[in-house]
Amino acid sequence: MDAKVMGRPRAGMSAKEVIARRVAQEIKPGMLVNLGIGLPSMVANYLPHDSGVYFQAENGVIGLGARPPEGMEDPHLTDAGGGFVTALPGAASIDSAMSFGLIRGGHLDMTVLGGLQVDERGYLANWMVPGKMVPGMGGAMDLVAGAKRVVVAMVHSAKGEAKIVPECSLPLTAMRRISLIVTELAVIEPTHEGLLLRERGPDVSIDQILAQTSARLIVDGDVPEMRIG
Amino acid sequence: MDAKVMGRPRAGMSAKEVIARRVAQEIKPGMLVNLGIGLPSMVANYLPHDSGVYFQAENGVIGLGARPPEGMEDPHLTDAGGGFVTALPGAASIDSAMSFGLIRGGHLDMTVLGGLQVDERGYLANWMVPGKMVPGMGGAMDLVAGAKRVVVAMVHSAKGEAKIVPECSLPLTAMRRISLIVTELAVIEPTHEGLLLRERGPDVSIDQILAQTSARLIVDGDVPEMRIG
Amino acid sequence: MRKAIRPEEAAELVPDGAVVLIGGFMGVGTPERMIDALVARGVKNLTVVANDAALPGRGIGKLVSAGAISRAIMSHIGLNPEIQQKMIAGEVEIELVPQGTLVERIRAAGVGLGAVVTATGIGTPVEEGKQVLEIDGKRYLVEKPIHGDFALIAAQQADYAGNLMYSLTAHNFNPIMALAGRTVIVEPEMIVPIGVIPPDAVKTPGVLVDHLLARAA
Amino acid sequence: MRKAIRPEEAAELVPDGAVVLIGGFMGVGTPERMIDALVARGVKNLTVVANDAALPGRGIGKLVSAGAISRAIMSHIGLNPEIQQKMIAGEVEIELVPQGTLVERIRAAGVGLGAVVTATGIGTPVEEGKQVLEIDGKRYLVEKPIHGDFALIAAQQADYAGNLMYSLTAHNFNPIMALAGRTVIVEPEMIVPIGVIPPDAVKTPGVLVDHLLARAA
């Protein structure tokens, strides 16, 4: 935990920090959680040190800890992005069959993933842009199909283009309604009736959210502001 | 290895000893072998101590050794029949998924099983007698379906009734042509043309074999006597 | 962190009629104290999924004798004459499953696969009533996953994070069943502080485990 | 007993055009000396089955740079721009497979199952051209096993019986691939005498292993 960051006034927060702080609130003690690489991996910075949360890296460790001090790296202990990590007391090494057995078998309480598009059905597209970016799905399809809760952490729109859309134009990651979308502007819950606006970002108005969202949002009564920082 | 047994003249051998000694000749150094309970388990007695053979017990050990001396039994180290065993140097503990993964995946070089009936197609029935004996198939179906070689070790006939029959009347263990039948009277190899008589038992004539066999046997040229003891 | 509970408390968690996966092979690697507590509480109508019925007086054999089982899914019952008598008398319904298929059906439930596709059982009574899939010219049975309401697991060592180690042939079905029980109750021979079991020695990660049984007093 | 061989000898065993399963995740747990020897011998037209293409200059990335790969079955290639360029140029054919499906398809080959039945990929491009099975009202893909002519495995420790141990996140695909290669070649960091590795510490039983690479001189 970084004291400077924790104490910084929210006015100075970056979009990514707002998102990571808000997602961190979704994580409860004792949960088994997988954080995707990039923005989702920042979430761990905003959990108390004694949170009792187990982080899983899909490459094979449960009980992932922070980056080791310089000179104490182990080439056999990395996260899914290949970065050096440590193992907390009670950590377990697992092979890829066990790792994805836990994911697909519903043993993973939550996964936090980035997103390219989420649509009104709550379906996520986050692994390819045909003709442009074909990196492979890695573990994303299993994570979205299998985790108990799927939280998508992403900036609300990309270069003025909406990412929360009526129907994904990009190839889906899974035909599964994800659990929650967290952006710097809003917290949105996909329900069987559609996308329910749960919270506004700090100092963000409902109109600002609607302006950057091409999907229909359900606005039901008062929409409180996120409580972060 | 029991020196007394090895030196005993074959005239004094029991039917089971003849069978076990002959089956032992099928086992080559370095093989992974599963021996069924009962008669098949006797086969290990007729292998040289330094045979380099790995015995697998399907309940979860590779590198099974003999019964431990009195007072040195470990309640966590038993064979598939529940009897106490030891672990040889280089032994490995495996769970049931790995154990049957090895069996079904073709990693087991040979299994030696008892038989109730074998028929002209080379199909084995060895796990139930409807209305009489329904103990369950245990690992037998996986063993017969998956092992590289399946050797059936059984007495040639039961109370005057042939066990090597035109077509099994008992429920099959698998629809797989087994590799070899070894009885006290004969060694028979199921082929796609039928049951080929390979060897005669000690001092046994072809007529004696045919008299106790209801299946058609292919007798092709000279049929040598088993070389045991 | 898992607080260790007494077997009597654990037995209270298992209601009559539950589907219970129980580790062990001929009684080796079976949680005996947990079974004793279930017998003591007089549990009824269990569906027991296990490799075998052990022997009378040992492991699952005690549940058989106590009349606690109304249905059993097992690969072998041949060494327990009591369960065979109850089967013939219609008191226990028995589904016999090839051992390798049984462990994979439990694994499939635990790791979120929709079915097991195996050649074992083709051309035998096991095939009856089951879907057959032809893949590249070979025939396979489609066998369904087996979930447990509970998995009752015997382990050699646990830590208070629930991480488990097993010993020799006492592994058998235990590591697989620990994946497939909605509630997983473990009877370890020893519980050690968190951090004592090296990550590479863990065979069942603690996140799968719900309850540990406290040491015998 | 397995005699340890030199990487050059091992590389001679792998013919051009072979299907090769290679352990590792972003280069962690990959048999580097084996790969160096394959590059040195100028192997061509490999089909490489692996989690990912690592990075240029590391693990499988070296095979990519050497032009040794004509086909790849992987879950992720995003961190290796070189293989992406070769894919676009039509020099490498790539089949992308979800990571959990990939490891189960390899496992299915190794443990003799006819297919993997998984919901992963339903409703996505992964579904195209595949058989769909409906089980209890839910749709699943039928995914075929992936066998390797060879499995190239990195282990932490081996004994001369071929028993293997792995370390931390260097496990990844290695224990599963060791089941599925017709010939299994292992590069251990250390080889110890038979009897030194306790049976309970073995993660890959030696009967699966064909060759061990000798220690670096």
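The first chain written gets the first letter, and so on, giving A, B, C and D; residue counts start at 1 in each chain.
Here is the rule we use: a residue touches a chain if its C-beta (ideal position, glycine included) is under 8 Å from a C-beta of that chain, and two chains touch if they have at least 3 such contacts.
Values in this document were obtained by computation on a predicted structure and should not be read as measured data.
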Farthest chain relative to chain C (centres taken as mean CA coordinates): A
Intercentroid distance (Cα basis), chain D paired with chain A, Å: 29
Chain centre separation (chain C, chain D; CA means) in Å: 32
Chain centre separation in whole Å, for chain D relative to chain B (CA means): 35
Where chain A touches two or more other chains at once, by residue number: 61, 87, 93-94, 97, 100-101, 103-104, 146
Contacts with 2+ other chains: residues of chain D: 104, 107, 111-113, 118-119, 166-168, 199-200
Contact graph of the chains (line, ring, star, complete, other): other
Touch relationships between chains, expressed as pairs: A-C, A-D, B-C, B-D, C-D
Residues of chain D that touch chain A when the two form their complex: 25-29, 51-52, 55, 74-79, 84, 87, 96, 98-101, 103-104, 107, 118-126, 156, 166-176, 203
In the complex, chain C residues that touch chain A: 1, 107, 109-113, 159-161, 163, 179, 194-195, 199-200, 202, 205-208
Residues of chain B defined as touching chain C within the complex: 57-61, 74-82, 87, 93-97, 100-101, 103-104, 123, 128, 133-142, 145-146, 171-175
Chain C-touching residues of chain D, taken from the complex the two chains share: 104, 108, 111-119, 133, 135-136, 138, 140, 142, 144, 165-168, 199-201
In the complex with chain D, residue positions of chain B that touch it: 30, 32, 52, 54, 56, 61-63, 87, 89-94, 97-98, 100-107, 146
